[in-house]
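Scrolling down, you'll hit the structures one after another.
Next come two complexes, and both contain chain A; in the first it sits with chain B, in the second with chain C.
This part shows the complex of A and B:
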């Protein structure tokens, strides 16, 4: 395993920052899933000791940490989060290095990390992770990771005051990796960034109870707004957005109809792509297979092979269903 | 004792908490050489506590009780250092402040720095800033932007 070689020639970093293009839609997303996690300390774009230039362009002339802004000589972004919180790949790429041999809360010069190389030539670093033994590493070197894939779990290894994720974006310069400020460079999909997968309920074909005659199939649709940073698509090998059964996750449904891709998956998103802030529709059949009676079927959105959505943000989506006998 | 004096006394004497537990509750009494916190004197007052009498940090690490106290009209400012590990220091002061009845408004652990913002019963707001890792510099003052 190679040790990271990091350097911070700030003048060069600033040049790279100013030369960087504004990100396209569906680019980097925040490296975690909980939308309530907040930035605590950003990147210091001034290399001088006692002087900090934060992502907003404000300069501070002291050595104090400024919560929500910056602290001295910080080369990444700190996000406090509980121990063992899942950390997400900010963009698709390939794992090029990792370390998991330090204790989850072992203080020292080095800590646990995962580093991913992206197709745009940049790399992202996820630092202070929990130990490999504690499940802090979820990917292997040379493994391809889709955007939003869990790559590790948070810890406090290395130089660390408390559990948090240090997220860093780097550009390669020969053998060196130069940290840049992703906030100033606007690498994120939306300002100041979004978690990869998040949705809110919009409406459905029938917001009340669906009544189905036994043996028959009805069509139901529901719409969710894409509040995350990734574009929803129905046809990706990994990460396609699907509506699947929940509580428990991916259980075989008693209402699976002939159009379901699987007995636990009702459908994939109808549109070819749903950009952030747009509304995606999910249309599927419900077959009255079980005996007459009252039922509830619960669904959640899934980035298949990557991540379930936060069901609470979907309003705990479920469908009340009454199955009646044919001639009732 | 003023709130400021009480606070500083807590922050220093409170360091003896883990040891004091065995013989009774920790006393919020500052070392004899506590600087004149809250003084109206605008000039900095520096006081050095003999290392032998400095209360230990958790884990038995000595507190480098080199402290500067200043009240220039903008609020209390005191600064001291410790060789204890940053996460131990952060956890220690968070717990000590809560135990002493202060209300914590922000816990901000980072990599190379950290902040705890809190307020007293009278609403006065404070900030503990932690920087460095060997030793850690701890600054007490009003909340910063």
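This part shows the complex of A and C:
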């Protein structure tokens, strides 16, 4: 028997050896938003049939199943998630290819996918998506996508045995696209293991009840720590980080002050950029417009035009407010 | 949606995918394994085993329709992979894609050949029905001689499909870097000795179809949509541009009628007009004369004219076969 010889295995071996050293300044994020999504299978760094090498350097064999680790010849990372879960771009880039014609759960050789080229020359692949008709594709070819932008919704198209995302990172090598292990050594990405948008409460100017004289405006600030994988910015066209009203989302606030960008948006993040693990401050006015009484105003963080943050991770942030009459 | 509901959905998704994916990846044959042996079952034994299927023909010039039914009248639980062009036998899969997958070659006389083929993905008859090209779960290509009831590994691949077996023994296959997420696939020819040659520079080929005049047509995905191109032509010759999201393409024998699927809807393009939707379904198969289309619909098959008029229903999976070869 003549074995088929492709250039792929050799190139793959070379890249596996070098992948960890080439990219210490990247800002890739996990390709979904729920921090509780668990890894099902990682990348197999061993080219042999029946033997697998996971991202930690541990070798496994087919004789025992090892979910949560790796399966044979796996070129990506599998994340189980319910059907139609939003899938996020792991880094900013441009959509170079997509397919949406297969059924959301249609088993077959091929499935639906989106492929994005990033400025660092790498590409990312999002496979098994729902059909275009079911909203599985949210981007078009040549469209620019910021990191964390939804590019599709999960499905089970192709060779798939349960809804999940197959996420793959590729490097261009001439005509070839070589898959690399984005988890190995955790060196290739600055913020491994992080979903794009996540924050936790730190402190605020007044953690108790704000008392406002009717018709007057006070200044309030609150700080949240960036626990996601994407840098917060106040000024980009899509995805700027803002503090906005919540419950219901984006309602017109009765406490909107003159400095609010909109009646439902209190402010954008104060700093020019807030890197992951840094603290972002949000300063805004609260105007005592409604009649005297006790109120609650609830806020959430928003990546504008992309998605809301998980409000529960913000500690369910709200401000108790008492409005008093001016001359009391 | 509550956090509890989301968590429950995630648990269900994880519970569903782990055992199923494990079935795919555990105990798949390694490179050193001997060729799997075919087991013959006479008609009586096949019935006693409860796995018997019968091939029902509905003659009608110039092609007949072969329907695959379980012998007890129930619907066959497996999947129809291919039929011999003369209608004498069908290739079926039990537990397609799993470690327990079995290739069943059901003959019109009720006898069977059974081949345990872990991870079985695809099987295709040669034009004379005497041979099968089979792809296993590692993407390895096997040649099965149905008369001698023997098999041998032909090439390691990985391949995702082998859609054509020519009379001279050449197999046309799709070589991929990844079985689970094939965003690239090259159209290749594998000679009987296992030597591989590339037939097209298209980067993602979904299928290959042989026309009556001998032309080899590749169904190629491009970022802008699906195109049909003549493979092996000195200059790239595009036969048709089907636009985005056109998958599972089928042609009439002369190539003048094209049917495809797009997310559960079937479209037909004839020489006389623009593409037209002809209703729901999947995996369309154009009759050799181009007058009708078989589609999978509602758990069985429907025969429809190219204008969408339904003219026949079959409870089970069906395929066109040459009427001249039909047994009485």
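Operating definition for what follows: the second predicted complex is superposed on the first by the 293 of 328 C-alpha atoms of A that agree within 3 Å, B and C clash if a C-alpha of one lies under 4 Å from a C-alpha of the other, contacts with A are read in each partner's own complex, and residues count from 1 in each chain.
Methods note: a contact is a pair of C-beta atoms (placed from the backbone, for glycine too) under 8 Å apart; a residue touches a chain by one contact, two chains touch by 3 or more.
Since we're looking at a predicted model, the values are computed, not measured.
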item	value
Combined model on chain A: chain C and chain B, fit or clash	clash
Touching partner for A:163 - first (chain B), second (chain C), both, neither	both
First (chain B), second (chain C), both or neither touched by A:179	second
Partner chain(s) touched by A:37 [first = chain B, second = chain C, both, neither]	second
First, second, both or neither for A:73, with chain B first and chain C second	both
Chain A: partner with more touched residues, chain B or chain C	C
Which superposed partner A:128 touches (first chain B, second chain C, both, neither)	both
Partner chain in contact with A:320 - chain B first, chain C second, else both or neither	neither
Which of chain B and chain C A:47 touches, first, second, both or neither	neither
First (chain B), second (chain C), both or neither touched by A:103	second
Footprint overlap on chain A, where chain B in one structure and chain C in the other make contact	40-41, 62-65, 67, 71-74, 76, 78, 80, 107, 127-128, 158-164, 166
Sites on chain A touched by chain C in the complex	1-6, 8, 34, 36-38, 40-41, 49-50, 62-65, 67, 71-76, 78, 80-82, 96-104, 106-111, 113, 115, 125, 127-128, 131-134, 141, 158-164, 166, 168, 177, 179, 312
Footprint of chain A on chain B - complex, ascending	85-87, 89-91, 106-115, 117, 129-131, 133, 139, 144-145
Chain B contact footprint on chain A (complex, rising order)	40-41, 62-67, 69, 71-74, 76, 78, 80, 105, 107, 127-128, 156, 158-164, 166
Touching residues (chain side chain C, partner chain A) in the complex	3, 6-7, 9-10, 12-14, 16-18, 20-28, 30-31, 96-97, 121-122, 138, 152-158, 160-161, 174-175, 177-185, 188, 190, 193-196, 204, 206, 221, 223-224, 226, 244-248, 261-265, 282
